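Each of the two complexes below includes chain A, the first together with chain B, the second together with chain C.
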Partner chain A sequence: MFEAIAFYLFAFLTIAMFYITVTTSQALYALSALAAGMIFISAFFFILGADFLGAAQIIVYTGAVMALYAFGMMFFDTTRDVKEKQGNEFIVVGFATFAAVLIVAIFAAPLVSTNMTAFYPMVEDAGNTQQVGMVLFTKYLIPFEVAAVMLLVAMVAGIVLAGKKMDKSLTLMNAEEIELLDASANTKVLS
Partner chain B sequence: MMEIGLNHYLVLSTILFTIGLVGVMRRKNLLLLFFATEILLNAVNVAFAAISHYYGDLTGQMFAFFVIAIAASELAVGLGLLILWHKRHGSIDLDTMTSMRG
Partner chain C sequence: MDTAYLIETVIKVVILLLVFSALAGIGTYFERKILAFMQRRLGPMNVGPYGLLQVAADGIKLFTKEDIIPANVVAPIFKIAPVITAATAFMAAAAIPFLPQFTLFGYTVHPIIADIDIGILYVLGVMAVGLYGPLLGGMASANKFSLLSAARAGAVFISYEVVSGLSALAPIMMVGSLSLVDFNNYQADGIGSWIVWSQPVAFILFWIAAFAETGRTPFHLIANDHEIIDGFGTEYSGMRWGLFFIGEYANMFFISFVIPILFLGGFGDGSVLGAFALLGKMSFFFFFFLWTRAAWPDVRPDQLMWLCWKVLMPIAVINVVITGLVMMF
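So, the complex of A and B:
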């Protein structure tokens, strides 16, 4: 009963938030709605008993990803309205629905077969976090380590890409200095 | 109606994925395009967690974790590239990013 109420409430909230995210013309509204939608998504994980996943969702998405987007938005001109191409909306919605149904069919196709058994069944007398730890550090140890290396590579890439020339402020220089800076940077790249 | 089963979650995941795909297709601003891709990844995560719960298998949750890790690293690299592009060209509009002529 309460599960059903929670499911429908959070389903409605999530869909509404994500709808705002993709339709609004204000980047700040889109960011706020996306952050709210991420938190509502984590509610589904808690309903489904995946406590650790829900906590990770809140920490990673609303903590790290949203903060990074907010930092990124400081660089961009986000106050003006976003201009969008006005194509045929029905074609877009039709293709999107078709692709989504296809994805879910791909997911659900193995579930139709009756002789499906759990590959790594849940241990009964352990909490969710404990179960996750047991599986993650035995069966999925190598993907876990590869994911760690991938995050390290992404961090280095982010610093190298965005941190270039952080000590010089382009808004405080005049045009000639920026030209000079660009010219020297281009020769450095070409040589 | 009152008993929430796997199909409820799969339908919800479909709806969220549709919203994300519509966003990917109609957005021209690259920052808002990134938002739409985050919605796509989250929709898939809901399906993974639901299947994991209803079949008593932890593999779905594991994949959801790796999807979260991939989303975080994609964002770091993508936002770095976006900031670099915005510094050079002053615009993150997708239509202006046509440097190749063919």
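So, the complex of A and C:
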């Protein structure tokens, strides 16, 4: 009974928060509501006994992703309402409804069939974190490694964008140009 | 899940809220007294014996002060930001085992609200969510200094989250579990089995990161002390400002519990002596927060970022790699 109460409570809260995120024209409301919605989603993981995924949801979405959004929002005045460009309402509502129904259909379709079996059934005597690790390093090893490479690419790109004198290549310069580069190295502001 | 469990949990939550709200108030008294003694002053002396009732006087003042919502602020966000700081601090405490289990009137009590498998991950993650208090408070304040402080708070919390996570990873690899109770049991054999002896680097790094996560003095620049304002709290008054304080002190107490449980044996074998040992270790770490505030100046923001990304994070990564190699061979 408690699980049902918790489920409906958090379902209501999540939908309410995301509704605010979509409809409001105040950037701070949208930010806070989206962060709160992400936290409420983690409640479903905890109800299902997937503690590790719940904590990961809190840390990744609320702790990291939303905080970066907030950083971006510091460049404009968040205390004022955003003027939104209003398109054709019927097209927006139509496509949104269609997308929502489609997603529900995609995830609900397997429930119709009765002969569902798990490819990787639960391992007895293994904790939540261990089970995530087992699936991640056997079935999903390739996506996991690809994700790591993508993060590496993003990191290199970030360093190139933010670093100083990254547009120059030492291997393509002769000795005098490199000396000139060294002489101007002390003009950096931060060490 | 039966009703007895529900009632027990509710009682534990209420006790935790009451005890640590009160401790946060008394913590301010300790802070002022200790700072005063270290600076050859007397500190609060006028209200009650040795100024002990100063906490009550401060409480009355904060509760009865007018709650001013300035013009131009985004009122709902401005109002809810201090609540986020205080609430996340207390939410993080749900997975901390404060005392060993004991039997009261024939009923075994576990002094932990939710004994989940991923305790340390949950505690660090929810403490990281506490970042939204300063961030939203500063952004909703319509004050440039508040916004500046919010940006600093965001930078400090996100950066040092990396250090605390990576430094906690090495002991997690050794214990093979994320549960704080398992951490305690791993070190239950006495002082020789403490993780601090095999992971001294991780211990120091986690301790440094704890100062940043709670926003205490060497990393206190989120409060803009040098601009003689109160950072993200500049526009706040009364109890909303007080909630920021309760959140900060509660966080200090909880991280002072987490450090000994992770590295210094926690409550050991669960005897009464072990329980008192944990409280003693917690008191030392809380005292150390205050000691540092009296002894150290704030660092500059660029020094803070330099320390995090160019010193602490590489050391933490190297520590994790070495731990992995040692465990493998």
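Heads up, the rule we're going with is that the second predicted complex is superposed on the first by the 140 of 191 C-alpha atoms of A that agree within 3 Å, B and C clash if a C-alpha of one lies under 4 Å from a C-alpha of the other, contacts with A are read in each partner's own complex, and residues count from 1 in each chain.
By definition in this document, a residue touches a chain if its C-beta (ideal position, glycine included) is under 8 Å from a C-beta of that chain, and two chains touch if they have at least 3 such contacts.
Here the structure is a predicted model, which means the values were calculated and not measured.
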After the chain A overlay, clash or fit between chain B and chain C?
fit
Of the partners chain B and chain C, which touch A:Ala96 in the superposed model: first, second, both, neither?
first
What is the contact status of A:Tyr61 with respect to chain B (first) and chain C (second): first, second, both, or neither?
first
I'd like to know which partner A:Ile15 touches here: chain B for first, chain C for second, both or neither.
first
According to the stated criteria, A:Ile39 is in contact with first (chain B), second (chain C), both, or neither; which is it?
second
Under the stated touch criterion, which partner chain does A:Glu3 make contact with: chain B (first), chain C (second), both, or neither?
both
Could you look at A:Met73 and tell me whether it touches chain B, chain C, both or neither (first, second, both, neither)?
both
Between chain C and chain B, which one touches more residues of chain A when both complexes sit on the common chain A?
B
Report for A:Thr129: first if it touches chain B alone, second if chain C alone, otherwise both or neither.
second
In Å, how small is the closest CA gap from chain B to chain C once the two complexes are overlaid?
14
Overlap of the chain B and chain C footprints on chain A, listed as residue numbers
3, 31, 52, 56, 64, 68, 73, 78
Touch list for chain C against partner chain A, complex:
1, 6, 72-74, 76-77, 80, 116-118, 121-122, 124-126, 128-129, 131-132, 135-136, 139-140, 142, 147, 150-151, 154, 157-158, 161, 177-178, 302, 306
Complex interface listing, chain A residues touching chain B:
1, 3-4, 7, 11, 14-15, 18-19, 21-22, 27, 30-31, 34, 37-38, 41, 44-45, 48-50, 52-53, 56-57, 60-61, 64-65, 68-69, 72-73, 75-76, 78, 82-85, 87, 89, 92-93, 95-97, 99-101, 103-104, 107-108, 111, 116, 118-122, 131-132, 135-136, 139-140, 143, 147, 150-151, 153-155, 157-162, 164-165, 170
Can you tell me which positions in chain A touch chain C when the two form their complex?
2-3, 26, 28-29, 31-32, 35, 39, 46, 51-52, 55-56, 58-59, 62-64, 67-68, 70-71, 73-74, 78-79, 127-129, 190-191
Chain A-touching residues of chain B, taken from the complex the two chains share
1-4, 6, 8-10, 12-23, 25-29, 31-32, 34-36, 38-39, 42-47, 49-53, 55-59, 61-62, 64-66, 68-77, 79-84, 86-87, 92-93, 95
